[in-house]
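Presented below are the structures under discussion, each in the form of structure tokens.
In what comes next, chain A is part of two complexes: it sits with chain B in the first one and with chain C in the second one.
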Partner chain A sequence: MHAFVGYLVSGLANGSVYGLLAMAAILVFKASRTANFAIGETGTFSAFALYAAVVTVTRLPYWVGLLVALVAGAAVALATEAIITRNVRSALLVLIGTLGISDVITGINTVLWSKGEPYQEPSFPQLPDVSLGGVGISGQYLSIFAAVVVICLLLYFLLEHTGFGLNVRAAAEDRDLAALAGVNVRRCVMVMWAAGGALAAVAAVLVAPLSALNVGLMTPLLFNGYAAGILGGLDRLPGGLVGGLGLGVASSLIGGYISSTAEDAILFAVLIVLLSVRPNGLLGRRVVQKV
Partner chain B sequence: MAVARRRLFIAALAAVCLGATACTTTSGPGGSAGDTVGITQNSIKIGTSMGLTGPTAAEATAALHGAQAYFDYINDHGGVNGRTIDLTALDDGFSAAQTVTNVRRLVQQDNVFSLFYLWGLNNTVAALPFVKQSGVPLIGPQAPTSAVTDPVIPNVFLMEPTFNDEAAVCAKQLADSSSVHKLGILYENDPIGQDALKGAQDAEGHLSKPMAAKVAFTSGTPSFTGQIVSLRQQGVDGLIIFGTNPDIVNIAKGISLEGWHPALCGSSNVFDPTFLTISGKDLNGLNGSLGQYLPESTEPGIVTYRNRLKQYFPNEKATVFGVQAYGEAEVLVHALRSLGKNPTRAGLLNALNSLTDYSSDTLFPVSFTKADHDGVSQYRLVKVVNSQPQFTSGFLSNDNLFGNG
Partner chain C sequence: MVDSTRGARRLPLASLWPVGLSAVAIVVALTGGSFWEYLVGLVLIYSIAAIGLTVITGLGGQISLAHAAVFALGAYVAGILGTRGVLPFPLTIVAGALVGVVAAAVIGLVVGRMTDLAFAIASFGVTIIVQRIATSFTGLTGGFEGLNVPPPTWGGLRLTQASLFGFVLVVFLLSCVVGRRLATGTFGRTLRALSSSKVAAASVGMSGQRLRTTSFMIGGSYAALAGGCYGTWAGYLSPDQFGVSLAITFLSAVVLGGMRSVLGTVLATAVLLGVPQSFQGAGQWTLIGNGLLLVVVTLAIGSKLLPQPVRERLRSRFVRRRVPTPPDPADTVPTTAFRPPASLAVARQPVLSVRDLSISFGGVAALRSMSLEARGGEVLGVIGPNGAGKSTLLNCVTGVYRPDSGSVTLSDVDITGMPAHRVARAGIARTFQVPQVFSELSVADQLVVSHPTTQGTSLAARVLGLPGARRGARAVVDETRQILDGLGLAAWANQAVTNVPHGSRQLVQLARALVRRPQVLLLDEITAGLPGDEANRLADLFGYLAQDLGIAVLLISHDVPLLMRACDRVVVMDAGTKIADGPPHAIRGDQRVLAAYLGTRQASHG
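Right after this comes the complex of A and B.
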């Protein structure tokens, strides 16, 4: 039981981070029907922005630094959107273009920050450490979990229960029709990309204090973030949360009870089987098109 | 039809070109035609590929500056038998595929006499088939894995203990501790971790305590609580940890959070002052071993290293990687000097193969034979005290730690 609680804690903590990245991916997908593979590096850039604001350059209070990070994430995502999607029409080429942008951001992070790395990122004001079933749970994990749930609820409300959300959903469904109905499609797309960048920033500033802030911080997490989005369903925001937590917990349990060496292989084999049964993800809706 | 013929012609031409390339690069170690490539009247051209951008840029740059500080010093003092050392460093962004491309370019286009260093275990391993085939000497890759030394590759010389050796030393060190009853290993699920796992497993026959648990982890994972709780539940009280530095810091924090106090032993890369600083007190008590002097020690050779670093790269910090590369540069220069006025690749390989207990400023004595290209076989045990690494033993070797078995 003790070990099971440990695996569960690990799984939920890791899954929360995957969930944040998955939701960032979903926002972009809902807006543009493509993927932004630069969100990992966008997050890393934002974590460095927070470090600069709070530690090295201006020594601002943490909350102001966090705001700087969110703005940085949103700005980088907007720049990505402006550079790539306005010049390229094909979703596949947009996707490849974001990979290029990812490399560019890595280069910028390297030039600006690699000299003195690694850094100790200031910690998100964390909840107190607690013990569950004899297992110590870091307040940092609890903060991450709380953040992902609150953000998911807020975004869900925004997208499902507001006029803006209706516009976004309409634009995602059929851009031309939405534009004819008076929806400012361009603005919807920009807001969704910016929100995706800000979410990536949140993920990075939550993860960085756990180990060390460095240029490669978010690279290993991006793949699982997208896998979580696909598992949950790329057209439903709660799918990101469900997919992230599901992936995190499944990964942890497989590593603990079956094989830590073959953890990823088993996990993704299961994922492929699952997606062959539910191709739109766990919460994804079947899309029926008239032909 | 014409198009098909043209394609056939191009394919045939490509095959001929590829064949020609293969022929020029298969002279093997000590081959003759290209034996003095890269040697001019005034210079000796050597080349390296490093992740000067990307996730390990800071460490790689520190290593490059360490080596370059030594070469600059030598060049400012007359060079090697009248020739300067001309180091070409290409950036591979820590991508193994780019390392292979860079190494090919250094050998086939830039015509270097010898390859030096190469940054990264996976990067070096990816380039090994070409290096082996080309016969061009590769001196001191930053790839402490038994894949580089076992079996011996005639033109490749390693100058640091492998992760395999370090893990074996860790296992023995912990097993000999009276406070440890069961050992465990937590290793990164990649070639670094696999090499360490093999070392620990190979040492099991020499241990007085059982290896109770072997658990892998994925690098970059935010939480390691599951692995930590599992190891603790299996009664492990002596834990070997092998992985990248940020992961080790995160694991140490997790162990501390659990209120668990196993004896710890880890890979030597974590003894870098920067990482020990940011890890706070969580890594205090961590054991390990090193095949080089500590970057902040007062050993005369290290003081010399720091002075030269300050002279040529005033903004660079002394790091374990800088210490390593500086010492390897010294070994290369020593071997080149011994060749006199007419250096050849074959001569360089022979000089290195007969190097015995060479004392550089920063590395422990380096020796090679034709049958053993793992040059640093001596190490000292290290422990982190107050976030600083300290030697806790004199010079040791596997023979006196494990006996002759």
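Right after this comes the complex of A and C.
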């Protein structure tokens, strides 16, 4: 039982990070019907930005450093959007272009940081450890949960309860119709890409203190984030969180109880089976094509 | 001069480039010392894999990042079999290729059901997972330590690096020749058709799932074959060689090479591998350089400044094309070129029966118990106000939508809910209100890829150029020419369909439908965008198709004079159901019809 709760909590913590990345992917998908494969590296870049702001270049307080990271993530995502999607129409070519951007960012991270890695990323303000039925839960995990809850509430409020959120949702549903109704679609798209970059930054900043901060920090997580997005359904924001948490818990339980060697293989098989039953994801809607 | 014969008529010199490239490779390898020999071998091997991806991504339009995974699979299977001495040398690579093909088939069948974007992401996952598996199953793969692949032996003798180079060169040459045939032949054009319009592809009987899976299997066999060669050539395998960056390298080669040129892909691979090797001091900067290259090429291909692939622009600079004047409407005469469909329907027998068809979208009933019969040898008009459900009816009959209830039968065969490509194969051809053409192909090729003979010829026969396949191709070309002549489209035959004006695209769709030799022909607003006199000529054509060929022609139109002239019978629809059915003159005065169009309440009161 103790082991189970342990697996569950660490799975939920990892899953939260996947969920953040998945929501970043979904925002971009809703904005431009394409994928930004550079979000992983964008996150890594932001985690380094925080490190630079708080530890090496200047010694700003953590919260200011966090802001720097968020701005860095949003700025890189906006640059990606401006360079690629503004000039390229085809969604698939955009995807290839973002792979190129991803290489460029990895290259920049390597040039700037590969000398002294790994670094110890300053930790997100930690909540106290808690004991739940005799099982200790690390405060680090708790602060991850808290951060994710705050972000989800914030996104929910912005999208569902503000005029701007209404515009964004309209633009995501039907660009042309929204533009006809006077929505500044261009700005909505930019905001969604920027928000995606900021979410990736949060994911990286949360996960970096748990492992070592290095150039390859987010590369493996990018896939988990996208897998979570597909699992939940790329057209719905809550789907990303559900998919992320599900993926995190499943991989933690499989790794703990079945085999840590075959964890990825089993997980992938489960994913494929789930997706062949529900190609649009767990919460996804069927799209009727118009002819 | 229609496309299929182009390959045969072209100067043979143009197709000799693989030999020329091989000669260059040999010279560089011989004169450059062991470093260059190794590098050239590597370029050849990566090129083989990249040609495979040209089939999947360049022609099929599916972005696959799983190519590195299949490459790794071929490498590990061949490497493990070779290390343990299970199989002798070339057979290890063959076994690796077979496993790769099977894996690619599974990827195609399972993951290929997703949308293009979801597939790209899932394929990314396939590469990550295979890499992780290679890392964790240390017993088989050696994990991070890597796997040393011993130099192969042949009849007890160790093969020298030079003879291995020869082996790789032969595989490369074969890959180029086959790849070129695939890319320029009807298979490549079929894949391009599928990637430009899935709906139109299904309407001419192409099974998207099957074509995609076939393209994965072909591409996968290339990747796995290359992987097997790689292990033998490099002598060492470790998981970090097969990551996402390898997948991106393959993809970059395809994009940089102009998406669908085999030669371009090979040259791009040489650039991508050779340039960083030549600037070894650059180290960390190579990744930035590669990334920038990919971004620039993507922008060049995809931006509005350079709307067409670089290769095509270059070609158009050298080859001056004659842009034809639009066809003279007088050319549009009924043609005697069409042969009757195989089973000529007995005149005026019901061929297509629609019974009580209903479908609703999110609570809105688009069709409510709609029934009608289309008879062989008859032109049936369908008319109704906007939103009456005419196009929905067509989409339900042709398998684009699956009706909630009711049935559709074609010559006593129940085709309700069949996928669109099977409905097309059963003998129903259609056009779309908003023309759905294969935007990447010429006008003539729209017909070539849609022809049942093209689709019925096996891929192997086409690639090998067997006599039967050649005869079939010639017949297809002849028939294509006759149909285009008959519809006054001959001048457009070798033009990109995107140059054809909107109204004439309707005729292109009609030509494409006719090449299927349908029993039932469904036409959705075919005269939209055509000048009036041309529309009248079409009315005569419909009469010919019905009376002389026994086709059941179903014509949806808002053009009342056309319907009066062309149709033997008219069905009127309103609010998703049939409100009148009869000869044109009777329909004209029908009170319910007037009510539907003019909105009076007379009908319900009377």
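FYI, the second predicted complex is superposed on the first by the 286 of 291 C-alpha atoms of A that agree within 3 Å, B and C clash if a C-alpha of one lies under 4 Å from a C-alpha of the other, contacts with A are read in each partner's own complex, and residues count from 1 in each chain.
The rule is short, and it goes like this: a contact is a pair of C-beta atoms (placed from the backbone, for glycine too) under 8 Å apart; a residue touches a chain by one contact, two chains touch by 3 or more.
All values reported here derive from a predicted model rather than from experimental measurement.
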Review point. Which term applies to chain B and chain C once both are placed on chain A by superposition, clash or fit?
Key: clash
Exercise for review: Report for A:119: first if it touches chain B alone, second if chain C alone, otherwise both or neither.
Suggested key: first
Review point. Does the superposition put A:128 against chain B (first), chain C (second), both, or neither?
Key: neither
Point to revise | Contacts of A:255 with chain B and chain C, given as first, second, both or neither | key: first
Check your understanding: Looking at the overlay, does A:268 come into contact with chain B only (first), chain C only (second), both, or neither?
Key -> second
Review point. Which holds for A:182: it touches chain B only (first), chain C only (second), both, or neither?
Key: neither
Review point. Is A:96 contacted by the first partner chain B, the second partner chain C, both or neither?
Key: second
Exercise for review: For A:219, select first, second, both or neither according to whether it touches chain B, chain C, the two together, or no partner.
Suggested key: both
Practice item. Report for A:83: first if it touches chain B alone, second if chain C alone, otherwise both or neither. Key: second
Practice item. Kindly classify A:163 by the partners it touches after superposition: chain B alone (first), chain C alone (second), both, or neither? Key: neither
Exercise for review: Tell me which region of chain B runs into chain C after superposition, given the options 187-195, 223-231, 277-285 or 349-357.
Suggested key: 187-195
**Study point:** Footprint overlap on chain A, where chain B in one structure and chain C in the other make contact
**Key:** 106-107, 110-111, 114, 219-220, 260-261, 263-264
Check your understanding: Of all residues in chain C, which touch chain A in the complex?
Key -> 61, 63, 110-111, 113-118, 120-122, 124-126, 128-129, 132-133, 136-137, 199, 244-245, 248, 251-252, 255, 284-295, 298-299, 301-305, 361, 391, 395, 400-401, 432-434, 436
**Study point:** Of all residues in chain A, those that touch chain B in their complex
**Key:** 2-3, 5-11, 13-14, 17, 106-107, 110-111, 114-120, 129, 135-138, 141, 144, 207, 210-212, 214-216, 219-221, 252, 255-256, 260-261, 263-264
Review point. Which residues, counting only chain A, touch chain C once they are in their complex?
Key: 29, 33-35, 37, 83-84, 87-97, 99-108, 110-111, 114, 219-220, 223, 226-227, 229-230, 234, 260-265, 268, 271-272, 275-276, 279, 288-289, 291
Point to revise | For the chain B and chain A complex, residues of the former touching the latter | key: 53-58, 61, 189, 215-230, 233, 245-247, 249-250, 253-254, 257-259, 274-275, 278
